Structure formats: structure tokens, C-alpha cells
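The letters A, B, C, D and E name the chains in turn, as written, and every chain counts its residues from 1.
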Amino acid sequence: MELFFQQLTNGLAIGGIYALIALGYTMVYGVLKLINFAHGDLFTLGAYIGFTLLTSMNLIGKIGPLPTLFLFGIIIMGLVGIAGIVLERIAYRPLRSADRLAAVVSALGASIVISNSIMLIYGARFLVYPHHILPNFTINLLGMKIPFMRIAMLLLSIILMIILYLFVQKTRIGTAIRATAIDHGAARLMGIDVNKIISVVFFIGPALGGAAGFMVGLYYGQLNFMMGWMYGLKAFIAAVIGGIGNIPGAMLGGLLLGVIEALGAAYISTSWKDAIAFFVLIIILIVRPTGILGERVADKI
Amino acid sequence: MLEIKNLHVKYGYIEAIHGIDIKVSKGEIVSILGANGAGKSTTLMTISGLIKPSEGSIVFDGQDITKLPANKIVEMGISQVPEGRRLFDTLTVEENLDLGAFTIKDKNTIKKNKEWSYSLFPRLKERRNQLAGTLSGGEQQMLAIARGLMSNPRLLLMDEPSLGLAPILVKSIFETIKTINKSGVTVLLVEQNAKAALKLANRGYVMEVGKIVLEDEANNLLTNPQVRKAYLGG
Amino acid sequence: MNRKYLIWAICLIFFLSPLFLNAYWVDVLNNIGIYAILALSLNFILGDTGLFHMGHAAFFAVGAYTTAILNTMYHIPILFLIPFSGITAAIFAYLVARPIIHLRGDYLLIVTIGIVEIVRIALVNNIFGLTGGSNGIFGISRPHLFGLIIRRPTHFFYYIWIFLAVSVFLFHRLRNSRFGRALNYIKEDEVAAEGTGVDIAKYKLIAFVLGAFWAGMVGNIYASKMTIISPESFTFWESVIYFCIVILGGSGSITGVILGSFLLIGLPELFREFAQARMLVFGLAMIIMMIFRPQGILPPPPRKYNVDQIN
Amino acid sequence: SKIKIGLMCPQTGSWASEGIDMKKIVNLLAEDINKKGGVLGRKIEIIDEDDGGDPRTAALAANKLCTRGIVAVIGTYGSSVTEATQNIFNENKIIQIANGSTAIRLTEKGYKYFFRTCPRDDEQGRVAAKTIKKFGFKRVAILHDNTTYAKGLAEEAKQNLEKMGGVKIVFFDALTPGERDYTTILTKLQSKKPDVVFFTGYYPEAGLLLKQKKEMGWNVPFIGGDATNNPDLVKIAGLDAAKGFYFLSPPVPQDLDTPQAKAFLKAYQAKYHALPGSVWAVLSGDALLAIVKAIDGSKSTDPDKMAYYLHYKLKDMPGLTGKISFNEKGDRVGDLYRVYKVDDKGNFVLQPKD
Amino acid sequence: MALLHLKNLTKYFGGLTAVDNVSFDVNEGSIVGLIGPNGAGKTTVFNLITGHYVPDQGEIIFNGQNLVKKPTHIIVSLGIARTFQTIRLFKELSVLENAMSGYHCRMKAGIFAGMFKPRWQKREERQAIEIALKELKFVGLDVDLNQKSKNLSYGNQRLLEIARALASSPKLIILDEPAGGMNDQETRELVELIRNIRDRGITVLLIEHDMSLVMDVCEYIVVLDNGKKIAHGAPEEVRENKKVIEAYLGLDEE
């Protein structure tokens, strides 16, 4: 039983990261119906920018670790967000009225371009974040030892999710985002500046991905130009499990995926872990064809 | 109030509108008639700024809006009830109405407008939390009209509002248009239902394949033999 | 008429090309040919039926492993195994596609990604003790044809491209038949397709099964060409390449898909000069091509019907 | 005219870092050889091709190299990638010396022109089992990453341990490389209560395992395979977590007292301002030295003469990683494996041979 | 015996009863109108008949067979063809192919026949083209057959939909607001067309809000309101029915 709970918490911590990346995935998908395969690479970009900031500026000594990380986090979100906007302008906007799959191919191309650019700039070797930036102590919770940072990361993910959810559900821009997601033309007739909304979404989504990259860099410490591909794929799965386009769904999907992986690894086999996760995904979709919290389908003939 | 001069619109290489002139004065109801594919919807979409003309100008309230983006045009007070309704299917009735009022920032005005909409269409009030996509055709049309009114427009463009409505509703829609007009909203109405439209309108235009072929007082058009033959069933 | 001669001339030159190309370029053409057949088989599912299928490498893998296992364990000659590999892949496709066939768009996409990953992981984990785990299977023999052993790139060139030519011939006919049209109806509008009497679930399944059958046969060719196969040749990324070939070439278009294979498989070879920047250039090329030809390089031509003959 | 030597290495894809380092090292040595007048009075020229770390691309690269008039080829890194090229080079009679392909079967096929400067998995498996036994561990967990190499090594080690007896294998499974969080696997491992964990995968994962193990407050000793021999390991794991880690590896130039190793290190540092990344890349340098020596020794670029020379004449050639000779299968002879330990300062310290 | 016999048909959507215990018959060779206010459940009834939805209760007997739970494609081959409230053509396919698609359910050729083209397949293929041409002519669609159907004008798209439905040689054709978006002139032509269809022996069931059309062409009318049948009978009767006037027609001021 203790093993079970320990694995559960492990899974939640991993799932928190998946969820954070899935949030950006899901938002972009919601508005453009685009599977942004480059999202994972924007995540990588966030991690690498974080590396550059941490190694080139010695702010920690001057203003302390937490303010530094906060400041860097904001800078990274800003920069990766801008990269997202640029990506949309160059690779997706010209394809907005084209077949959806054309944009998928463009996204795959963008993924290759971003990851290989990172490789050319930073090299192919693994990079390592400076150590001991984060407080590193474990908390004893019901007999389980849980590193504090894992709880912090999970909380941060949940907080960002709630902020994002409230933003989309309650604010004017959020409503505009939801309307744009359904029908660009009609949204424009309502007086919504659709290009601006898409830019906003392409800022927020990648910014969240960038933040996740920074968190992964800080906590796990190790970077590689290919790292985003796997995270991107997992986030995509998470978003679909939850119901793609749906913000709480992305969160739920991310956490669920993390937990499935952890329990699958614990009770079945570690080398079959990903297969198990995919298997569960397929079962979920067979039972609920649009994911757990899938979009409300209005199927009228 | 609205003045369209020498408007040309192209889809790709094909020109759909070949230079038309339309004038709408404040307080009027102006109707555009025409067969399928004549270019009526295209004209309305161009006024709303969703399609950019290749030539010509559109002036609204003395300001040239030809090059303005769609959202600015809505802000200036032109709103449209589009062809095919274009509702936000996966949002509720209420959320659709809120979106209609996107350009309005004042909460009280929004509330007031919403109440007015519900009084025009009590059916919508019953279904305020139903998803727009699952409404029946007629209910959707009501919602589309109500949504178009939510932004306090000065000029309302309506593209075939009676399409697919029960006769009793067609009547009430035309009544509603009258009411809306009386409350000070100028209306530019595109209709297939020529008789009803001309009865309502002050003036009318007849479009054929991208050109205006006739323009007159509505009463005169109703009696015009040409119009009678082509659009009024003899 | 002139155009027709030109096309025949090009085909002739192409079929003679191994005589003046070096082994490397012939092998590049072989790769292009293999990918072209694979992409054509995916085209049924993705291009004609409009099902977002990003897991085609799974069927390819099943075919290749069927060949490898039966050939290395029971020494069944490679050529005999061609239909067999196709059938196992088809059966596999039937079994996995059946429960998921009703899924739409991106949900189907992720599930097919799941299938190819599950297959790869199963291969890596040496499922049933047959697949050799991550080592894969080695020592697959070459095809023997009338006493000739197909082994050199030039041999494979004719082997692969004749196979491709036959496939093109059959696929082209199929496209212009009741079956091909029905797939298009489904792609355009499922509700209306059903309304015209198309059993959409059945046709979608058939598209999967047929595509898988062909991919399985290509698996056989691939296995005998490489003589060693391992799970890393059947990753999700491979599926992505077939997917891009179809979309970039012009989904639903046979000529387009072949052209797409030339671009996506040939280009990286031309870009070898860029060394490390090679993939970067490749990615850029993908974006640019899509932007300038969003409908693909050669979208499918409209079908021609002999109407006058009837009037 | 110049003598052309091919280099096949992964310059893109997951193993790009290895391939790029291989290219650096081989080019460095080639320059040096040319500066000294080349071989047989001719300069050598390195022609490199990217194999992308993938068998299909590698087969193309091999075909391409074959058309470029090379007399021999160095590489490549992964075993299955190398395997996809073996028969191509063999059919074209080109000497191939692989540097990072340790799978046993590569040299069991009887290819006449195939050699490798790296040791084989069975060799390492034997040393690993011996080392584990020597340390006196009773409950052993073996963790691999499902790559050809790591799984092969894991299986060799397992067989050897089982053969020796007295040791219980309590865990044998794989992790998924490329992830960042291995706590689930560590938790599972911990529940099996092993005395030692033998991880046969690569250093990025090893670093993370060490780090996360430390975070969990679990103090089990870890032993790594030769793919963990990379200075970045300590950086990834952090000094605290890395110290006390044992791993097996052929000796790196840093630990060798030979003039070749010293000169090489000096030149590498002067040119690239860093230490070479992994021992595998360095082994590609050894491959070049062997090829040049074979040309020089056989006084010809004829593949049969060179192959004969490499098989039977080349004895204890001083290389970057020690003395080099090949047996009749083409495998490098001699027990290369050493045990290293990460000390308190994060240095890799060669453990004395027993 | 009626060609189509609906008995106690009921369909719920969540809490909503879209079709509530509706029964009526459609006699062979007749033109029957289904009218009622928006949201009355008319389209839903059609969707139940064609198998797009499964009824929660009730029976649908067509030509002696129960259609409940039969999949749509089978129902089509049994002889029911339809058009949709919003046009659903195969937009990227040509006019001719759209018309041919209707004949799909009467054809046999599968994969092998498609690949190897035996003579019967060629004959069948020719027949499909012939039928398509015949129906296109029948509905009066005289346009370039090779253009994509999405390029047709709205009215012509409606006609093409009807031609496609006819190409399946149905016994019953059901039309959902065929005159929607047509002007009076076009509507009159449509009335002619509907009569011609019936004269070929095909039974017609239609939904329409254009009363001039309904009263003109239908022999029998069923009125739904709120999912329930509130009236039925000949046009004259229905027109005078108080409930119908109140719920649907409204008082005619003229």
C-alpha cells in the first residue's frame, strides 16, 4: 500500500508537468484546431533560454534565488511566448484557410527547425543547469518521503491551470477566445479581432510550455535538444485523454497520464510503461470518443 | 448613413460583384432582392469587413470604412445577422448573446439588451442554457437575430432572416424587424421572401449576377411587372 | 499525344537509370521507391478516406517481422512470404482498427500513434520471444528469383520499382471505381455518405486493411533488402514521414504521393552537404513547401468519365 | 593523390553529440598525420557522412561512401546502425572499423573486413559480474534501457552472475530513455531491496537516477556500464549524488600514461578547449590510427592486404586507449575493462586492478 | 397497406422529448407534408426514419419491414432516400460523381472488381453514369458535369441533392425543407419537380415551411408541435385547424 501511494505521488508530480505542457497544447488546438507538433520544442526552447539566463547572469547572488527564478520565469514566458507568436505568423497563418493537415505538416517541419536550431546553437551535448538553486528538502507525508519541489511543481501547475481556466471562462478576452475557437468568421462579426486573439493564444500556450521547460530544467537539471519531442507527445496524449480543447481536461489528462505511467511501471512492467499508457488511452477513447471531459458535441443533422 | 460606391469584390480570380452602388439613409429599411448567387451575401460580408473589396468604397456616417478591420466596423455600429446563422454551436444561448455584445463594455447595457432580446423571443429564454447547436433551425435563427441586436447597432445587416422559419415566425420576424427599426435601428435586409421584404421596406434594390439592375421605392417594386414575374410569383 | 511520348520517354530513362547512376544514387532511388509504396498504401486511408492515420509504420513492421521470423526460423523463401506478410499485416490492422474505427479526426490520429508505439515497444520487449528485442532479427535472406539472387542496389531497383509500378496500376484503377469513390464520399461528408448507402464503418475498415496489406508486403521487401530489421526502423517518426509524404505530395493523388517521396526521401540526401544543419534545412523546406502548395504538390486530378459515349 | 578514409557517424538525431565528437577527433588526428607527411607519402583525406543514428539512413550513407573511393571506413556508433552497413562495406571490400558497436554478433558473422576498437558486451558482462561478485553483493538489480547495447550488456551480466551463483537477481527491467523523471522506477527498485543496482544504460539517465535516488534518501550503491563514462554524468547528478558511483569502462586517455594519450589530449584541448566527451568517440580515433597503420604496414591500400595486416600483423599498436591488436574475428584483444569510481571531487578515479 | 408506418415513435434528448409518441402513415404514391413550428421535431422524425438516430420507443415499418436499429446504409438500400436541411453534398467531387453516388447502393463492384475490372464491372459503371445523367436531366440541372459541386449556386445544389437521392431508385424520398433559400420562381419549379417525382411512382415525404408549396403539393399533412402530433389530414382541413393556426400558421391578415 505504501508503494501504491508513493507511486501515486510520483505519478502526480510527473503528471503535473505533462499537464502544464498539455494546457498550451489544448489552447492552441482549441482555437486553430491545429495539432501543434512544435509545442514540445517550444518547451525545449524555454529550458534552454533558462539555461542561458542562469549561466550568463549572476542574479542569484544579488537578489536571492526566489526573486531571480520568478524574474527569469517571467522573461522566459515572455520570450517563448513571442517565439510562439512568430511561429504562428510564419508557419501557420499562411495555412489558416488551407486543409488542416497541411498545417500539421508545417508544424512537424517547425518542430524539426526549432529543435535543430537549438542543436546548432547550443550543441548536441547534454547541458546541465547549475545545481542547488532550488531548496531541496523532503517532506514526510503519511510516512512517504516527498521532495518538496515536487509538491511545489504540482501546485504551480494547478495554480497556472486555474488562472488560465478563469481567464478563459470569465474574462472578455477569454470569451473571445472561446468564440474564435468555434467560428473565426462569426467571431469577427461580433467585433472580435481574431488575429489578435490567435496571437494571444499563441503567446499563452507557448509561454506555459516555456515555463514548464524552465521548471523541468531547474528540477531535473538536464537538457537536450530532443527532449521536447517526448514531452510534446505525452502532453498531446494528456490533452486528448482529457478532451482536447478543454482546459480542465488537459489538467486531468496530464495527471491521469502521470499516474497511469507510475502505476503501470510499478505493477506491470517498467519497460512496458508507455505501451500501457497508450493502451489506457485507447480504452478511454473507445469508451468516451472525445476524451473524458471532451468538448460538448452538437451533432445535428 | 451608408454609401457604397462602385464596389467590386473578387473571390480569388473570379469577380463576384461588378461595381455596385447602394445607399442607405438613417432610419430606413432597405431591402436587397436577388436570385441565388447574385452576390447579396457577398455585399453584406464586404460591408462588415470580412471580405475586402478589390475596388470601390464604403462610407458609413461620413467615415470611410473600406479598409477598416471587421472589429472596428462592429464598434462603429454595424452589426450583421449572417446567412446560415453562424452561431457558436458549442456555447449556450446566453453565451452567444454575450458575445453579440462583445464590443459593449458596460454591464448594465448588456443586461438591458439581453432582457429586450428575451422579450422579443421568449423561446430563447426557456432555452438559455441549451447549446446553440442543438436548437432547432428556427430557434437558431431567433438567436442569431437576437445576437445581432446585442451590440446596440445603428445599422443592422440581415441576411435572409426568415430562412427556414415557420410561417408564424416569419410573420413575427418581420414584425420584429419593424419594431427594431422603429426603435431607431437602420436595417439593410437581404431576403428571398420578396413580398414580405418589400412590404416592410422603404426602398429596395434588385441584384442579378453581381450587378444592381433595379433600384426604387419598395411600393413601386412591388408593382413592377419585371419584379413580379421574377420574384413574386407572377 | 506529344505529352504522352514525353512521359514514356521519362519512364524509359528512369528505368535505365541504374546503368549510369552509381550504387549510392540507385540506393537512394530504392529508398524512394519503398517509401512511395508505403505512402501509396497510406494514401488509401489518409488521402482517399480522410482518416488521420499516423501509425502506418505498425503495419509495415508487422509485415517485416512476419517475413523475418518465418524466413530465419523456417527458412521459407522470401518471395513466398510476400502475400503472407501482407495478410498478417491486414489481419492485425483489422483487429486493431475495428474498435477504433468510429473515432474522429485527431482522436483517431492519437490512437494510431498509440498503436505504432505499442507495436514498437512490443518488438523491443521481444514479445512472444520471437522478435529479438531491441537487437531485432538478422540474417534474413535475399529474394531468389529464377536463380537470380536480388542483392545489389541495381537488382533491388528493378524489384522495387516494378512492384511500385504494379501497385500504381492497381491503385489507379481502384481509385476510379465504385470503391475509390465511396472512400471519397466518406472523406467529404460521413453523414451524406451514409445517406447514399455507404457502410462507412465497413469501408473505413477495408481501407485500413487494404493499406495494411500493402504496407505488410513492403515490409517483406524492406526486410530482405536490409537483411536485418530492428524496432528502431518502425517508430512513430517513420509514420510521420509517410504521413508528410502523402500530405505534401497531394493527398489522394497517386502521382503526387510518388513525387512527395522523391522530395521527402530524396531531399535529405541532397542536403547532405549541410552536415549538421541538414535537418534544419529539411524542416524549413517542409514549411515552405506547405505554405506555397497547401493542397500538396500535385492534388488529385478530377476523375474522368466517358459521358459522350453514353449520350 | 590523397588516400580517402570514410567516417560514418551520427551528426543529427539523438546521438548527434557522439557523432560530432567523433568527427572532431578523427579530423584532429588526420591533420596531425598529414602534418607528419601522411602515409606512404600520400596525405589522407577524411570523408564523413551522417548516419543519423538510424539503420536506414546509415545504409544510404554507407552506399554513398562506397562510391567515394574510400579504402576504409571508421564507424559507427550504435550496433544496429553499424549492422545495417556491414554487408554493404563487406561486399564492396572496404575495411570497416567500428568504434561504438559492442553487440557480440557483429563479429560472429565472419566478415573479413570488419573490425572494431571497442570491446564486446560479453567481455563487459563478464567483468561486471566479476566486479559485483567481488564487492560481495547478494541481491542485484539490473536495469537497462531497452537499447540494443544496454539490453545486451544486461543480459550478459545476468547470465554471468547466474552462472557464478550465490547472487540473486531481484530485478531485471528497463527504463525509457529520454525521460526526466525516474522516481517511479526507483521506487519500484527500492521495494525489491537490492544490495546494488547495475545500470547498463547511458550517462544522461544514469545521472538522473543518481540524483533522484539521492533525493529519495535511498543509499544503495550503483554500478554503471561503460556508457555512463562521460564527465557530464557528474554534472547531471550533482557531486553529492554522483560520488561513490562505480562504473566499468575501457580507460580514457586521461588515465593513460602513454605518450599517445597525452599528446592527443593536449592537442584536443588546444583545438577544442574541452575534454573529449566519451570514450567511444576516442575509440574512433583509434580506428583511424589502426587504418593508417595497416596501410603503412602492408604498404598498400589493398583491402585484403590491409585486412591480413590488421588480423595477424598488427600487435600492440599504441593507441589512444591503450595497446591495440585484433583477433581473427576482428575484435580488439586484451581485457580493456577497468573499474572507475567517482570520488569526492567528482573525478573519475581508476581503481587498481585486482 | 401504407408504405411507411410510424407507430408511437418517441425520442428523447437528455431531458427533452423531441418526438413524443408520434404515429402516422405514408401511403404509397402520395405526397405527404410534415409541418410544424421550429423545434417541433420534424427533422428528428426524419432522422429516426433514416436511422441516423435510434428511437427510444416505437416502430417504423417500411414496406413490411421494421427499420428500428437498422443502420442508415441498409435503410437506403431498402428504398428510402433523403435530402438534408442544410445541404450536404460531396463538395470537392464533381456534379456527375455526386449524382452517381446515389446509385452506389445498387452497385456490386468491390475491391477486386475495381482493380481487375471485369466486363460486368464496366457495364455497371456505365449504368451508374447513365442513371446519374438521367436524374440530372430529370431535376432539370443543366450545368457543367465536371465542375465541383461546391461551385454550384444554392438552388442548383438543392436540385443536385434531389438528383442524388433519386439515383438510388428509392420507393420513398424524404425532403427536408427543399425550398429553403429559394425564391418564389424557383419554388414553383420545385413544386413541378415534386409532382414529377411522385408521378414516377416514388412516394414523397417532405418538411417545408413555405405554405404555398405545402398546400399546393401535399395530399396529406401531418402537423407536429412540441414533438406531438397535433393535427393531420388534407391541406384544407389542416389549414382551418385552430390548433395549427395558433401554433404554426398564425392568423392571415390578408
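Everything below uses one rule, namely that a contact is a pair of C-beta atoms (placed from the backbone, for glycine too) under 8 Å apart; a residue touches a chain by one contact, two chains touch by 3 or more.
It should be emphasised that the depicted structure is a prediction, and the values quoted were computed from it without experimental measurement.
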| item | value |
| --- | --- |
| Greatest separation from subunit C - chain, by CA centre | B |
| Between C-D and A-C, the pair with more C-beta contacts | A-C |
| Subunit A-subunit E separation of Cα centroids, rounded to whole Å | 48 |
| Between subunit D and subunit E, centroid-to-centroid distance (C-alpha), Å | 73 |
| Mean-CA-position distance for subunit D and subunit A (Å) | 36 |
| Rounded Å distance between subunit A and subunit B, as computed from the means of their C-alpha atoms | 42 |
| Residues of subunit E whose C-beta touches two or more other chains | 43, 52, 84-85 |
| Residue numbers of subunit B (touch at least two other chains) | 134 |
| Residues within subunit D bordering two or more other chains | 12-13, 16, 20, 146, 174 |
| Residue ranges of subunit E in contact with subunit B within the complex | 13, 35-40, 43, 85-86, 153-156, 177, 180-188, 209, 211-212, 247-250 |
| Subunit E contact footprint on subunit B (complex, rising order) | 33, 35-37, 84, 123, 134-139, 141, 160, 163-172, 192, 194-195, 229-233 |
| Complex contact set, residues of subunit A against subunit C | 29, 35, 90-91, 94-95, 98-99, 101-106, 108-113, 116-117, 119-120, 124, 233, 236-237, 240, 244, 269, 271-272, 274-275, 278-279, 281-282, 285-286, 289-291, 301 |
| Residue ranges of subunit A touching subunit B (in the complex, touch as defined) | 172, 175-176, 178-179, 182-183, 185-193, 295-298, 300 |
| Touch list for subunit B against partner subunit A, complex | 48-50, 69-71, 74-75, 79-80, 82, 86-91, 95, 98-100, 102-103, 131-134, 147, 151 |
